[in-house]
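These notes concern the structure reproduced below.
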């Protein structure tokens, strides 16, 4: 047991902080948020420096490094940070289970900042545990034909490739084993219906999708049929940790801003930060951030060390996201309050951090579902009545 | 569990207002939210239909109603789920200063225009470096002969762009005692050297024309002072009860509306094999929110009832202000959690309510200020 | 902010009760807490002074009062900060079953003894394996000729050791529909084969003789049944509103008492250079608790007022039951935090209130059951 | 960064668990709680096995080990565990700053289970930060004469030696430097006024104390004059971590009990643990325990590694105790609720765990003071208005 970061981890942290501080522009962020645009130039620049998907670069997963980067990015700017970090969403599936050809054709382009990637798992009205997936891929010769609907697909319009959870069937309808299949955006029959006017994380586009007789080569299968659900859940664990790190960064950024503001601004001839109640609010925020951060790092550490052997504890990632999101919503909300009228103004940024954190908190995987993941393992099976 | 009794004429008023909102307001909200203000024409229509300043007597063109009419207006505005047409700020917060403290001349000149919607009002109190701390106010009013010269800037002024008339708080720079230095003045927006800023970019209240106001050697007639010179602080204090009560009333209705919408949504929303409303966790969350909303409703009604009897319930109203504006925020946060993905889109009405109601624990005295006040009065 | 109006005769009643408590109860509490029950003699004295069953009419020896008398008794008992002499269980929860559902004979036989304090009553409903789940009840009552034979065990019975008369819920083993199987019977404690356990060791309510009751072929006359056979479930439901309301009233008074004591303590307690009450954090905490207590008070008074008008406010009362018993717990936890070290000693009255009030969110239907009920009625 | 326990740590954990499971008796605990008695025999046994003050046994502090033991003890029984663990309270001062002779005369006897030790720092009406200590020790020749009052001294009547925070003065009244002085109970002028009838932790006695011209040899000074406050604060950091570990153990113990109960007990034909709301309560408790535990371990790790060089972060210990206590009160309270009527009965133990956790939460160092420690460092000095 050792709570200190390694030297290399500290270096990554520093590089991320320097990049964000140097490149993230306040007016650009305000503008992209307003217009719902993705920060394309920044993303490409970050990719060139190896800061996009850097956890997929080495000999094994290094999600701890990714957590450190996400924190730094989102502390400097919640929206720019989270959108850049989401650019290679789902590339973990290719990294963990894709064959050499998929890796070469897609993973490399994603990591180099040529295309955005994403996953399309959830379906309208579906169970949050993905047990009732209805999208099908019928296999004939060397081709798969996909049909089905997906909802709330992150990076919707922008992504060049989608990793789709579906059930692979033989022509006679037998099989129906869950599988991940990579679908390129340009493929015929891929319909993308953007959902605009988002509450937060407005630089990350979202869309509903429909696949109408979409034909993809069999070689686009990511892993074997039957592994789809396990892979999807592994990715969701990774995503939970990544999101946890992003919202923690947002919390840190909001804390820094409200601390700076209340140290300077006076009420009744005293700096707001000198009032006992303000001081205790900060103590409270700092404690909650520190705890959620430890949990997030532990979850990342566990995935790095154990996921490849299937021995990671999936409740850790669920815990991390649940607590980090709760903490971030609390801290950003409190920061709005600490800034008073200014907190409500776009110019002072914390309202955007607040909307971003809240958006992440409520989009799947979220809330009740995360608690259920934790409860399931803790309580176990109960003998039927 | 009702405490307030609405008469037939109240209910008729409400019916007319509902129809008006459905016809004149609701279809335009999306446009207004984008334009960052509501057109003056809708204020005028509100006035024509007697929905502004309902408690003013017939001599000013009002219907001689009571605070229950105000409650109705707040309720029906909450139902529209927007805050651009902030009629209650005009009717229940600003105009009462003129009614209570204006000279006969000022009242006869301005009140009919406030009732008719020809003049939209704003209260200009908050300054960039003085939020709830009145003593730190720096805007000055120097009385010279028949005129008063005003210098300074105000910020976060609701109805700031649309306003035709502002109740302005300013200090006599010669008076050292901050509690005796403030006077209130009526300033018409067409007065030379009175400049308005652009609508501020905010988290919510998007269609509200909240703005900064600037006064640069702005000259107004001396008779535009409300009440005695230096009595501004007292007048502001005297009007706080109603101002905060308006917040309480509004917050409670927003809570009720959010719960109604969320319950309806969860009753329709499928999550795998079952409807979202069948989750026990969701049900308990709704029950907890409904319980708090119900208690807040009873408390609000009791406050309104005491206020209408002219009782001093400033402590209890301050309690209500902090509690209900905090509740409306927590309710919005929790409803969004239950709604899930859909709540992350502006299409979901709770997204807007969340953004709009967040300011309520900040304006009209932050909730921290409320607690300070309550502590001073109850723990000393 | 008062809703309830107390008459001169109510206030006289309260004065007499206060004096009684100061003289006959308060000096003995420490002893009773150690002995795990109160002596029957104090019940008898309560009766002699007309403090038991105040709402019963003169024909039974009562004073023909109303529920406000009950509110007064609950308030003054809360002021003593103990729960051994749980008169409200007797007066407001158990005896009403006899009054509402007993035959003329039963009423004439027992009610005067309940008023005089010669008979202490208990309600025997909860069983070791059936908490809030009535359908799981296993105690049986088999009617044979003129008699009824009872078998089973009850637990967590307040006044269990002292009781002379129990209102017992038992099932007809032949009736399969659980809602039609339960009947209520009056069982005198001197009945052969009715055994009482020792007072249970509890976290609080130390002077309360909460106990188990055992029935082993215990035979009672058939005319001791309350109401119709199989109507037990309905009768229990009908009495829940008042039972839960009693909890609400009590919880609110305990909140107020704790706050009063804690504020007094912090005003005296030195922490280095300043008094504890001058900590802003402590002040805000007190204000927050006081606000919630005030809102709960208004809600409670409204509930009492509606209850006295015989309105059905079972949902709102269930809301109140869960909310106020949770509030009283949170208030005790938070007051202890503000008090600090001294709160860790039993000498500090809040230590006892903390232990005593903790059971309120468990008895009379756990708060989880309350939420289930509210959800069923409001979300379907 | 490494979140896994070392082999030796796992062994210590196991030894502690086995001892507690084998030796802690439910009826004994109920009885000692009722009678307010200290578990003397168990304490001596634990000391003989090296489980009392085992963090003072090696080459450096190993508070992490102590945390692991405290958790295990208090999970099995909150009152037996906490009282045994408090037996060597304050011995850390001797370990860190005592000279060889003090260590030999006192520290060894404490660790062997011959006497109980404690600290006496706080004074009636004093500032929680101990800045206004008024107890004096006047130095003449080789002797110190102590006068003053202390309050809420843990282990009051039982301790054989007290480590007293006082100000050392020369005969002429100059100096007044804060210093720790060891006072034996048997010394003339040591008055002990027990405070009985405690709300919780009833096996740990507490007393007010008065020193009336108490003469102790100069060699009883623990560290040099002037170091008293720093040493006292160092000890308080250690104590904060120890208490955090104890309450976390209590939380774990309560969780285990309520989980077992609700898995078995039915309501409306369904195990209570099968209801969604119950499940989410457990998820919530598990998350909070895990976070507070990470924070506690981090604080212990930091003290072990850095305290000797004065480079530890004192806010970590304050955070750990604050959060662990809050968590423990929540979890024990929730456990009482989950057991329903049974939860309120002494026989089912959780009400005792609840009282014990609450007592630790509210006794100094606690609440507002802990938050102030955190806030002070976070916010720093603010320029005067």
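Chains here go by letter, A, B, C and D, matching the order in which they are written, and residues are numbered from 1 within each.
Criterion: a residue touches a chain if its C-beta (ideal position, glycine included) is under 8 Å from a C-beta of that chain, and two chains touch if they have at least 3 such contacts.
Given the structure is predicted, the values throughout are model-derived calculations rather than measurements.
Asks: From chain B, which chain is the farthest off, judged by mean CA positions?
Replies: Result for the farthest chain: D.
Asks: Quick check: more C-beta contact pairs at A-B or at A-C?
Replies: Higher contact count goes to A-B.
Asks: For chain A and chain B, let me know how many angstrom lie between their CA-based centres, rounded off.
Replies: That gives a centre separation of 39 Å.
Asks: Counting only Cα atoms for the centres, state how far chain A is from chain C in Å.
Replies: Chain centres of chain A and chain C, defined by C-alpha means, are spaced 52 Å apart.
Asks: So what's the Cα centroid distance for chain B and chain C, whole Å?
Replies: 44
Asks: Which positions in chain A are in touch with at least two other chains?
Replies: Residues 266, 276-277, 280, 368, 371 of chain A each touch two or more of the other chains.
Asks: So which bits of chain C are touching at least two other chains?
Replies: In chain C, residues 279, 281, 284, 368, 371 touch at least two other chains, as defined above.
Asks: Which chain B residues qualify as touching chain D in the complex?
Replies: 279-281, 284
Asks: Under the stated contact criterion, what part of chain A meets chain D in this complex?
Replies: Where chain A meets chain D, its residues are 1-6, 9, 64, 259, 263, 266, 269-271, 273-274, 276, 279-280, 282-284, 286-287, 290-292, 294-295, 297-298, 301-302, 315, 319, 322-323, 368, 371-372, 374-376, 378-379, 382-383, 385.
Asks: Show me the residue ranges of chain A that touch chain C in the complex, using the header's touch definition.
Replies: 275-277, 280
Asks: Provide the residue numbers of chain B that touch chain A in the complex, in ascending order.
Replies: Those in contact with chain A are residues 126, 129, 131-133, 135-136, 155-156, 200-204, 269-273, 279, 281-282, 329, 333, 336-341, 343-348, 351, 354-355, 358-359, 361-363, 366-368, 371.
Asks: Given the complex with chain B, which residues does chain A contribute to the contact?
Replies: 30, 125-129, 131-132, 151-152, 195, 197-201, 206, 265-268, 277, 329, 333, 336-337, 340-341, 343-347, 351, 354-355, 358-359, 361-364, 366-368, 371
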